[in-house]
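There's a structure below that I have some questions on.
Note that the chains are named A, B, C and D in the order they appear, and that numbering of residues resets to 1 at the start of each chain.
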Amino acid sequence: MHTQQILASHPQVQGKTNDALLRCIDECHDCAQTCTACADACLAESSVGELRQCIRLNLDCADLCLVGASLGSRRTGTNQAVLKRTLEICGEACRLCAEECEKHASKHEHCRICADACRKCERACREAVSSIGAVH
Amino acid sequence: MHTQQILASHPQVQGKTNDALLRCIDECHDCAQTCTACADACLAESSVGELRQCIRLNLDCADLCLVGASLGSRRTGTNQAVLKRTLEICGEACRLCAEECEKHASKHEHCRICADACRKCERACREAVSSIGAVH
Amino acid sequence: MHTQQILASHPQVQGKTNDALLRCIDECHDCAQTCTACADACLAESSVGELRQCIRLNLDCADLCLVGASLGSRRTGTNQAVLKRTLEICGEACRLCAEECEKHASKHEHCRICADACRKCERACREAVSSIGAVH
Amino acid sequence: MHTQQILASHPQVQGKTNDALLRCIDECHDCAQTCTACADACLAESSVGELRQCIRLNLDCADLCLVGASLGSRRTGTNQAVLKRTLEICGEACRLCAEECEKHASKHEHCRICADACRKCERACREAVSSIGAVH
């Protein structure tokens, strides 16, 4: 990913990047990809009937991660309160998706991998939220 | 839009649709389209330098509206707390975008139109959030 | 939808809107919503095992419709060849999704509704593509 | 990214991954992030008036890369012709965006970085398209 490089070159950033936010953007992209693929892999399982809730949470999580990454990549002007709350809800979607995937992790390798990506992204969102600081 | 029809036909819904949520989905699509177009129209203005914050809020709002519409369209399993908080933050993004657009509405017709779409979506999000009820 | 209004107010458009493209943007939003909801409704059916291909095509179609609507909403500068080909492939995704949904339309009302939305969007994409004209 | 791992675990893939497609998914995520950030950095430049076409191509490219990554991540059922054409148009959007960014690369570091990400993604799309093989 070129995340660090490209954000460091923004005229309002000038090298002073927020590293927690950079990591969060990368984890959001990873988690969106993993959740999209896990939903699709669950759908192909013979036991798909037991994986409905997992697919639902995967799809919602993928959607929120992509929007988290997009909002997190903008530095022109400001929309700090919205960014902060978006990453909070993104981290919450990751946590819920991880919890569901963990239930199926012993049976389905894709759920084990997806839970791992979700836990990493959950943590990265939490750290990014803290790094943004108090917003009015 | 086929929103009412398609959601009424979901096996877990069986005709008992949440009308506030249906309206919210439609307004989210309208607002996403309008914000995408307003960002693009602002970019074409000779005074683009004064419209940077407007473009930023337009783009963030469009992203959040699309994810609000997607999450709001799912009924399999449940992810109620995430949906509710997503629509809350979506409504907040609409409110902030409307406020900024209103500053430019007398000069730029697209900002006047966009502010109108954002206000409608803000209201629809608020009503949808209330309709979802208390979530644990 | 505010589509006609907002695009007519773009500084490079000045009222001279491409009506076929306007309709296509609206149909893309409708079809994206309908396909997202149909995928989710299929997932909730007891016969989900027979609806895998339908869900796959629904999800792909929804993704392409949203990108078609976004690209179709921009008028600043030009990216005509990419827009034209995006709407071509979007129309093709609609056609394939409609064909699959039609197979299940007698059993599942959501598939019947989704096929209808896809056919309308397929037609709107084709007309928009024609309206864009020859591109180098 | 967990791309290789998660796709290898899909029931229909069973370890036989298409490596060109895996790389393409990762490059699409990288390019979407970079284009989103480049559009935003261009918007913050005092010379934004000269960067309108760049911003337009950045935004279109980001949208197409995300849809390319999503479609490329699904293996259930089949939608090969649509995937192939989506990656073709995605690669074309990357090429055009790279060409525009290269014009501004000596003045703006973010355009230099973005051109690099777009060229990598263009190449990855081309190789993924070849790897998918002839489709009817």
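Here is the rule we go by: contacts are C-beta pairs under 8 Å (C-beta built on N, C-alpha and C of every residue); 3 or more make two chains touch, one makes a residue touch a chain.
Note that the structure is a prediction, hence the values are computed from the model and not measured.
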Copies chain C and chain D touch via same or different residues, half shared test: same
Can you compute the centre-to-centre distance for chain A and chain C, using the mean CA position of each chain? Integer Å is fine. 27
Distance between the CA centroids of chain B and chain C (whole Å) is 19
Junction residues of chain A - those touching two or more other chains: 40, 43-44, 52, 55-56, 66, 70, 74, 76
Chain-level touch network, classified as line, ring, star, complete or other: complete
Footprint of chain B on chain C - complex, ascending: 1-3, 5-7, 9-12, 25-26, 29-30, 32-34, 36-38, 40-41, 43-45, 62, 66, 69-70, 73-76, 108-110, 113-114, 116-117
What residues on chain A touch chain B, complex-wise? 52-53, 55-57, 59-60, 63-64, 66-67, 70-71, 74, 76-79, 81-83, 85-86, 88-89, 92-93, 96
Touching residues on chain B, where the partner in the complex is chain D: 40, 43-44, 46, 48-49, 52, 55-56
